[in-house]
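Below is one structure, written out as structure tokens; the observations come after it.
Think of it as A, B, C and D in the order they're written, each chain with its own count starting at 1.
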Amino acid sequence: MILNRFIRWLGRYEGWFGGGAALCIGIGLYMGLVTSPPDYYQGEVVRIMYVHVPSAKTSLFAYLVLFIGSIWYLWKRDPVIDNMCHATAGIALFYVGTALLTGSIWAKPTWNTWWTWDPRLTSFAILFLTLVGYLMLRTFLDDKEKEATFAAILAIIGFIDLPIVYFSVEWWRTLHQPMSMSVRGISFAPEMLTPLILMSIGSSLLFSYMLMVRTQMLYLERLLEAKQGRLLSETRL
Amino acid sequence: MKRFYLRWGGVLVIGVIICLFGLARYQREVSHIPIEKFLDEKPTRAVRVLGMVVGGSLNRGGAGEPIQFTLSGTGAQVPVYYQGEDPENLRELKKLVIYGRWNPEEQRIESETILGVPNYGFVSWAYLVTLIPMTLFLFNMERKVALLYIMIKEEKVYQSEESA
Amino acid sequence: MVAIRGIALSKSFHYHQVLNEISLEVKEGECYALFGPNGAGKTTLLRIFATLHRPSSGRFEILGRDGLGDRAKIREDLFLIGHGSYLYDDLSVVENIQFALGVRGGHPTDHEIKLALDRVGIGAFRKLKSRHLSAGMKKRLSIAKTLLIRPKILLLDEAYASLDERGVVMLNDCIREFAKEGSAILMTTHDRSRTAEVAHRAGVIQQSVLQEITIQEMLAADALF
Amino acid sequence: MHFFNTIRWIAWKDLLSEVRNRENISSMFFFALIVIFIFSFSFSLDPRTVQEVMPGIIWVAFGFTAIIGLGKSFLAEVHNDCMEYFQMLPVPKGAIYLGKFIGNVLFMLIVETILFPLFVLFFNLDVLEKFPQFLLIFGVATVGLSALGTLFSALTVQVRAREVMFPILLLPMAVPIFIGAVEATRGVFNGDAFALYSHWIQLLVVFDVIFVIVSFWIFEFILDF
């Protein structure tokens, strides 16, 4: 079986990303859980930050990747780029879900509520729904080219929509109740900053690694489909 | 497939080891006992005791003087003799963890460190809901990739009887 | 002059290859018939020329214009009669024609529409809503649109499907007329004897490869496809 | 001038079909009517509560109306493969979007003008002198909803579970419209000065402009994949 050069390239380098991610996250976790001090006001709960902030950042980064990838697909129409977009959406959904869950767990001891209509939370929830819609749209379309194009269009529209949602919710919130529960600026001690940076780098590396593996997975799925599909096209009728 | 399972077996082993270390550290440095248990055992080494500062019992001396107060649990009370910096969170009717040892002559706890009630419950939940799904997600993807490579290798391109 | 030129056209639907490096030339005033088994990629090739699909590799030219870069321009010159009837159920036959030409920027007069409808034999159903039309009548309606547009490139998918005997004669008549006026016609069909009446050249697509044959060979070959 | 002609023909076709079958408007209208009934049963409606929840009720009803109406707006185009015909048209595809968009805005506005007096009637609202403000808010919010709705309708109409997919895609993205429209309507009900809620109308206008332009540009890709 002839594999695409792209896949070979991935196979050669993906280990570095995976290893780097494991290293960064391992050290970051250790520092975050053990050596970093608890926050003066929030106590130990501040340690949630070490998983929450990186996943939130990475999910936004993933959405940016999805946006750029979608434009790239509309421009070049390369099925591998489409596979990459599809993979990104799945991983982004995972990261957004993690950010929402950990944020919610953090909000309970800090704000004494599991959920609040804070602009950041709301726009993340919208992002979550958009990504769910994106993946659902992909599963419900039969024509692969249509699927790729429509999904790319949806991703672009959603990306443009996100800041508008954020600002509208912010206006709405300031009107209805003043932002009493806003996130108080956490003064970063260096002992807290180091694990946070390590976790962020590790999370981005993990994203890249996941992206490579997942793109490969989707590519191989299509390849298998095509190989099985040749049964039809090469049979004499 | 063998390499794949070896790799993930390694990941699993490392994960279990880290969990055990974490648990050991928790037992050593964070866990605390309620007052009743403390009074039953009266251990000689320093331990952490959880209790509430009884209202009206807090007696701050002057600057640099030791602070005395009574700590209460459910149905038991014990006087505490604290020497050290005056912590801000030492207030009446507040739940605290006192790190100190039992003084049998004076019948009181002598302490040099006062801690807030550790709130690790939320933290560990947050870490679990992040790390476990992440591992499963990654495991699933990698397994699928490994399987797909095998399936593609095994899938024969169809040749009809006639043309063969 | 060459009207349709395809150069090494390949098409795969997400890694599933349908056409493999097919090259094809149709001159102006010529009718080219494509044969081949079901699923061989005839329709796909036609749809690439109709700018409905993008080729995965290779390129094509319509009247000397690049088929990918100059899509808006070449679309003015071509018309496809395919599986879809492109009709709106709640509009009458005449309104459907007016709409179909209007969105292209055409302005047919009522008289022209009447003549075209009479020629294809559905003049009596002018006021009928198109939801009541049969498949053959819908095909005739498409032919009427073609008569009004007079495209320089006419693509016919399954040219004779669902037409009756008279309809086939009428269609062949129209094809001959278009060819005489200098249009290029590319059609797919399975009816060899009918095709032989109008086609100048023919080709067979099999196992995603195009092979050119003469009209005599086409008629003589038995059970080729 | 093909561009404006195409817009005009498509809007004309939509309106004519609607006049003939009245499918869209009547289903939108009766659905919204039922929503009104359900709401009047599910809230205890003393005058103070009405003031509080009325903007929300109005926009929930209009939102559902939009889902029912806009979701089906491209159904007729898919029915006889008319989307393919649009793809082969030698005009910028944005013209097709604008044509459909104009038709949709008109349908929505018609339904809203029929529904609003019913709200006034059923909930004893006092709105007579504030009519121009309402007209403005309904106008800008409807334009925004239709801009997104027309685009997503074209996306989802070719999807298997289109009835589910359309609201799933539309509603999260339309959050700014709902927030803006509800807040502006609330401002009007409370009798606030225009300056107090004008920023919501600004938000709606910004949303309209962005999404009409983006959809206009991106529609090229929906029809030309």
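The rule is short, and it goes like this: a contact is a pair of C-beta atoms (placed from the backbone, for glycine too) under 8 Å apart; a residue touches a chain by one contact, two chains touch by 3 or more.
All values derive from a computational prediction rather than experimental measurement.
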item	value
Pair exhibiting more inter-chain C-beta contacts, A-C or A-B	A-B
Separation of subunit A from subunit C, taking each centre as the mean of its C-alpha atoms, in whole Å	47
For subunit B paired with subunit C, centre-to-centre distance based on mean C-alpha positions, whole Å	74
Inter-chain centre distance, subunit A versus subunit B - centres from mean C-alpha coordinates, in Å	29
Centre-to-centre distance between subunit D and subunit C (centres being mean Cα positions), rounded to whole Å	39
Contacts with two or more other chains, residues of subunit D listed in rising order	225
Two or more partner chains touched - positions in subunit A	143, 145, 148, 223, 230, 234, 236
Junction residues of subunit B, two or more chains touched	none
Chain contact graph, described as a line, ring, star, complete graph or other shape	other
Subunit C-facing residues of subunit D, complex	1-2, 5-6, 9-10, 12-13, 16-17, 20-21, 76, 79-82, 84-92, 96, 224-225
Footprint of subunit D on subunit A - complex, ascending	74, 122, 126, 129-130, 132-133, 136-137, 140-143, 145-146, 148-150, 152-154, 156-158, 160-161, 164-165, 167-169, 171-172, 175
Of subunit A, residues touching subunit B in the complex	1, 29, 33-34, 43-45, 47-48, 51-52, 55, 94, 98, 101-102, 105-106, 108-109, 206, 210, 213-214, 216-217, 220-221, 223-224, 227-228, 230-231, 234-236
Touch list for subunit C against partner subunit A, complex	12-18, 37-39, 53-54, 207-208
Residues of subunit D touching subunit A in the complex	148, 151, 155-156, 158-161, 164-165, 168-169, 172-173, 175-176, 179-180, 183, 199-200, 203, 206-207, 210-211, 214-215, 218, 221-222, 225
